[in-house]
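Chain naming follows the written order as A, B, C, D, E and F, and within any one chain the residues start at number 1.
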Amino acid sequence: MENLITVLICAPIVMALIMALVSNDKVRGILTYLFGTVIAGLAVTVAVLWFKKGEVLTFDLPQTEIWDHAILVLEYVLMLVIIYLSVKAKKGIISVLAIVQTCLVTGLELFGPKLVIVRDHMKMDWLSVIMILIIGIVGVGIGIYAVGYMRGYHVHHSEVKDRRAFFFSIMFLFYGAMFGLVTSANLIWLYFFWEVTSVCSFLLIGYTQTEEATNNSFKALWMNLLGGLGIALAIAFAFTFIGSVDLYFIVKIASQYGNQYGLLIPIALLGFAALTKSAQFPFSGWLLGAMVAPTPSSALLHSATMVKAGVYLLVRIAIAMNGNTAGQMIYLAGGFTFFMASVLAISQSDGKKVLAYSTISNLGLIVGCAGIGTKETIWAAAFLIIFHAITKSMMFQCVGAIENSTGSRDIEDMQGLALRYPKLAFILMLGIAGMFLAPFGMLISKWAALKAFVDAPSTIMVLFIAFGSATTMFYWTKWFAKILGIGEKNEKDVTEGNEYFSMFAHAIMLLIAVTSLPIISIKVVEPYVKDVFGSAVPAISESNIWTMVILVSAIFVIPLITYGVARSVKHKDVMAYMGGANTGDNKNFVDAMGEAKELKVSNWYLDDWFGEAKLFKPAMWGGIAIILIFLGIVIGGAL
Amino acid sequence: MNSIHKSPWLLHYDGSSCNGCDIEVLACTTPVYDVERFGVVNTGNPMHADIFLVTGGINTQNAEVVKQIYNQMPNPKVVLAIGTCACTGGVFKECYNIQGGVDTVIPVDIYVPGCAARPESIIDGVVKAVALFKEKSKDGDFVEVDEVPGDEEAETEETVAAVETEGGEE
Amino acid sequence: MMCKIITVVAFIILAPFIGGLLDGIDRKLSARMQGRKGPSVLQPFYDLKKLFDKQFLSVNKMQLFMVISYLIFMIVTGAMFFAGMDLLMCFFVLSTVVMFLILASSSTHSPFASIGTHREMMQMMSYEPMVLLTAIGFYLATGSFKVEDIIKMDKPAIIMLPGFFLGFVYILTIKFRKSPFDLSASHHAHQEIVRGITVEMVGPEFALTTLAEWYEYVFLLGIVGLFFVNSNPISYVVAVVVAFAAFFLEILIDNTSARVKWQLMFKLTWIISLVCGGVNLLILEYMR
Amino acid sequence: MSKIMSFTKIALKNLVSKPATTSYPFEPKEYPERTRGHVVLDDDPCILCGMCMRSCPPGAIKVDRAGGTWAINGYDCIQCGYCVEKCPKKCLSIVPGYTEPSSEKTIQTVKVEVPPPPKPAAKPAAPKPAADKAPENKE
Amino acid sequence: MQDLGQDIIKLEKDEFLPEVQKKRNENWRLGQICCAFVDGTTYEVSYSFCKDLEVVHFRLEVGKDEEVLSISRIYDSAVFYENEMHELFGLNVTNMAVDCQDKLYRIKETTPFVKKEEK
Amino acid sequence: MAKRSIVPFGPQHPVLPEPIHLDLVLEDETVVEALPSIGYIHRGLESLVAKKDFNEMAYVTERICGICSFMHGMGYCSTIEKIMGLEVPERANYLRTIWCEMSRLHSHLLWLGLLADAFGFEALFMECWKIREKILDMFEESTGGRVIFSVNKIGGVLKDMPAEMLADFMKRLDGMQKELKKATKVFMNDYTVKSRLEGIGILSKEDAIACGAVGPMMRASGIEVDMRKTGYAAYKDIDFQVITSDRCDSYGRCEVRIGEIFQSIEIIRQAIAQIPDTELSVMAKGFPKGEAFVRFEQPRGEAFYYSRANGTKNLDRMRVRTPTFANLPSLVKILQGAQYGDVPLLVLTIDPCISCTER
């Protein structure tokens, strides 16, 4: 197993180096398929092998010493890279963050007190396996999609310099970093991988090298570095107060002793770091800015995997947050973000922006679950991670494909997509339904979360969910409604086979995940919860889950039947009602000047209510307030 | 099979009436006359209507509108011309912008004279119209599309056919 | 089990009759409040039959498909409720139901239907929090989301849930499409959006929508009743009486208020949900 | 002060009191005597002078001297009463009762026996009741 | 029957606009504009201005093919009157703020009020 | 990121009894552009002067509109009376005044009802129309018509109202007043109603003058102009205060019209008390020659009547400038930036009468 994990982490990095050298498009495509298959295969193998044993595994990589040193060196390399890039872009101030944290961590490592408790550096449990599978399958799917997408992208955006070699290279590097992140138990290692993902994200956001992209990429960088600083500080505290940098040990201690002896401080700091990574308010800005990046990177980094690193970490430390101030900070930040982001999403008409807000919002929900830190919420959080990763990745890809075909990712331009691009529309509709409709996975998870919050009990979270669900419903529904409706048939679909392959693979994955929800619950999530909490109950009773599964089938079967019925009914076409001024084709009416005027039907965006101009700042300040107040309490309480 | 006589929903369109007949039609729905006693609902939407009440004569602009609304009403349907203007053009028939009564554009089933037509007359007219449904629905399968009945002058038929939407049943 | 099946079958068969009758009573009472004689109480049934008898015109084929799905899922929701299943799930499915209605109307590319659609969404956004909170209230009061468990309590839930009850009756005004919140479908009076969400539904299609609404009436009144039902058989009578009283109240509100705009509806509904639901929730959680 | 549901009192009062609705089609309506319903001709004194025809704003009256008929299109008459005012013989009157709605626009024709060239102040010849008021199809 | 300001003030075309502007400055409102086509040769255009209960009528006499300057830039509400005159009488009103292009009433006939004389 | 939609509002639209078309460009539900189009009722009846003689025209003009029918007939007759220099007998003047005010009552009540309908208060609509029926009954008893009266002739009126009838009417009006008080209170005080009226459709005093607004529209913007104060018919003998409001919004317009309802009853009361006993009409001899402008206060505001006679039985020109025509620019003005839900309401607050406007 140790070796396998090593390969899992190293192989992508090697592949990244190779990809950086390939400039031929065809070769790159073939290599991507090949490497992708290898990575996915490795991920699945790891998962299967681990499952055969089915127990928590702590281990060290072979030659841990070398790894330790390598990471130490690489940390400095990373720091230098950041300094170089930020100085080059005249944003040198950012490098201060990098210098401070790197020096802090490495300084402690090199010159700090000897660690009292040294444990294994690696750990594998159910959660790691879930993450590995997500990265390995969803992530690789996105990689395959990227081959076709980037080709189309450069056809459309001729102004952007073709740096695909760089793009794919970073992508593979990112896989490796992610695998490392989710298997590390040593905080210093985790910190290192964490920084690598930040830099990957930063590089990919700046892919187009436009001014906007550069600005946004640096925004992402400094926010993520702030998170990195959080981890660095957490490490520092752990070093000095606990004498260990073993994540699990820290969590265990903290969950046992609560806020005594400042044990909660590292937990709170880790939580803080996770908030930045998961783009919770006030750190949501970077994720929104990241939408300038080509869609595969949005799908991979900014929805399916990297941002999940934040919530992953939170779920890891959740048990230590149950019922204390650190937990309050996290769940308030999460709940607040869940609500605010879903409200803000209403005012967006850019498809990717909506997805971004929705991602932030859903991450907020997971964060909230983790912050509460009970069995049920962790159950819910695990499912939210799974469903969100699959669905969102699929939707990002779909919006990207739509953009490549229609030249726009504006929701208004998706009018009648069901007629124009039936295949893409199907994916999109499945995704939207998956995001909020009963009885799809996200909703079940949300339901579980709701129930868990009621039991917690946490009135404020219940209210956040109750109101946030309502707003969530609004923005999804209006998007959904847009896709149906009339449109011109037979528009040219330039989506490539590999893109469809990935999207349909996701769709199938989603359906499998939904229908096998009970199995996943019993085989994966419940054991995990049991491992952490000592016992497990699924948040939703089994009978309900089964009803849901039946409903899922119903939701496909019933419309199929009714579709047949509806088709067979005799009818006569009639003009749509336009007050008697219809010119006959349902698209034009007689206007005030007596001429035909084209009808326009647009969605609502409620700018005066929920516009970014109105709510973004308050949301930021709200987030800042929550974090400052509770961090203050945690730290103040310890002193 | 015929159930419309118990629930005739009506649509009122003001052609170029002077409002006199108009407000009398509205008055029919108000407490003193209350046509809802007979199940009449003033729908305001051609797609839901069974009876088409037109007040006022036909002029250049509203001819198209009247035809369109007529075509948007599902079968079976009847048309009532309310008021002298709608019957014949009335006092305005010599005006340059009045083509004449409603029957110059769509087939009219019942004429309700009066200037203004009294609510009582309108009620009588509606009652007569409802009786017509019995015959109308007997005319075979009304799910079938039928063109505007050709009991008018050829010229009318042409213009009406011109605004018919294309495409028959599916 | 047998008993459950009987209830569900009874719901499926009887609900349209009850719903239609309620509709008829509504129309009759409204007419009388307006000083009119009004139609017969059976009028809704005549209307329904007529609508089925009309020619079927269609703007978009998609619509019929959505409307049928709307009806079927509405029945499923009601059936789930009367089968004693999970209340929260009923509500979740209910929002799926509304989705179908929204999709039905938005598929037509009609300006009025489109505005109706958006208002319907706005309404949904307004009442959804209270709906969810109601389910949570029941859970806190009785320890279960399941209707079959809730009705086995020995005290009516209303004792614990007065705030939720108020809030729920409040949003019923929206769900029943009554003034002041009859914004998207314009059941009563004339509205700027013509018939809003149902504007392009012709004959049979409109009939199906009406039918679904009747099912919804019964389902919603069922929930009103649920606040009162407990293991005591007399409570069922009380529940029915209260459901009728609530219905009458809605008619009265309908006839004594102007239609407000959605802005006000949204604001008021959220505030009331927050106050009624939130306060009661806090109290319940504090009591726990 | 704003109140909510301030209409309640009126609504409830309406609910319990008798509705304002007439039972029109089931009970005939009683019109006030001035009601301008339709124009009737007392054919005795009529001299078919055509004054009414010329003064009628919509042109609803047709007087045919040669054929000896006076005809009115009830679907064209706007009940203005101008003919009544203008008739030199005062043989027209406008009385309650509206022209019935129907599916055809019919014209009421009255046969008028015009007396021989009138001698001033002479009584008209013995009238022959012109009962032929049967509607004729116009179109 | 008393009606204030019955007198109609005849104006020449060049003093017309300044007069109107003066009225506007004194906060008079535009009462109406009426056009009549008399004798088959001239248009009589009457402009009425009101203030409180007072009223003043200006009268322009315009030849058949002559032009009238629009006052719609002084009084917005003149737009409807002027378009109406143009559509029904064929009066040439120039410089209108909004020109409906004879689509105000969208009638079939052109200039129905002057037809007989012209054709 | 507001996106625009376009809604063809009308010509057939249930909320407006009359056909008028508006191209509404919306952002969400906010109207950013409103283009009205008229002409669906245009008949061109002013051109009938060439075909009908000037006496017949009295019957044509009262059919300009079925709501303000009486005053149209009267206005037209007045122009001819003025041209021919006829002195209308006093009783006729008083009768005209009474009928004018009854018209105003019926028109305002009709409007109140429609307004209630526009904001979705069906019961209130019914209540207003129920009360209005009583006035129609009075009309029918006195003139023989419910909405078109045909009692005006050049030189006077055709029908008299005997003293018993007047007394009876007064009694009925007293009864009505009580009911009206209750119903109008709802308009003025109800929370939901106020939420629809207050602050909606603001037309400032300056705008009102610039747009040439008339009638209640203008008076609700705080401008005190009422043509009845010029003292036509019997108004010279009647004591009344012009009702205005400074609110400038829909609520103000509603307030003004409600005030006028009660004022009308009061005016009728005064007129009945003072009505003299004279002839009903004077004979008009010959054909008129000359021209005349007359201004009257219609329910919707100031109307201009103009006739130009040339000494033959056909007039040269007859023109009516109706209040709604004058109020259209104000409508366009207040529609800008309104909410879509308020559009019918705003259209109604000018109390539009399209058949008057387009003639």
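Brief remarks on what is shown
In the analysis below, a residue touches a chain if its C-beta (ideal position, glycine included) is under 8 Å from a C-beta of that chain, and two chains touch if they have at least 3 such contacts.
Here the structure is a predicted model, which means the values were calculated and not measured.
Path length between subunit A and subunit D in the chain contact graph, taken as the least number of steps between touching chains: 2. Path length between subunit C and subunit E in the chain contact graph, taken as the least number of steps between touching chains: 2.
Once the centre of each chain is set as its mean CA position, subunit B and subunit C turn out to be 35 Å apart. Centre to centre, using the average C-alpha position, subunit D and subunit E are separated by 42 Å. If you average the Cα atoms of subunit B and of subunit F, the two centres end up 28 Å apart.
For subunit C, residues touching at least two other chains, in rising order: 31, 33-38, 55-57, 61, 111-112, 114, 118, 190, 194, 199-200, 202, 255-257.
Touching of two or more other chains is recorded for residues 103, 105-107, 112 of subunit E. Residues of subunit D found to touch two or more other chains are 4-7, 11, 14, 19-21, 57, 78-80. If the chains shown are joined wherever they touch, the resulting network has some other arrangement, not a path, ring, star or complete graph.
Interfaces, counted as pairs of touching chains, are A-B, A-C, A-E, A-F, B-C, B-D, B-E, B-F, C-D, C-F, D-F, E-F.
By the touch criterion stated above, subunit B contacts subunit A in their complex at residues 13, 45-47, 64-66, 68-69, 71-72, 74, 143, 145, 163, 165-170.
Those residues of subunit F lying in contact with subunit C across their complex are 5-9, 13-15, 28-29, 116-127, 130, 190-193, 195-196, 339-344. By the touch criterion given at the top, residues 52, 55-56, 59-60, 63, 121, 123-124, 127, 130, 133, 137, 140-145, 148, 150, 153, 158-159, 182-183, 185-186, 189-192, 194 of subunit F touch subunit D in their complex. Those residues of subunit C that touch subunit F in the shared complex are 30, 33-36, 111-112, 114-115, 118, 179-180, 182-183, 188-192, 194, 255-264. For subunit D in complex with subunit B, the residues that touch the partner chain are 19-22, 24-25, 29, 57-59, 73-80, 98-105.
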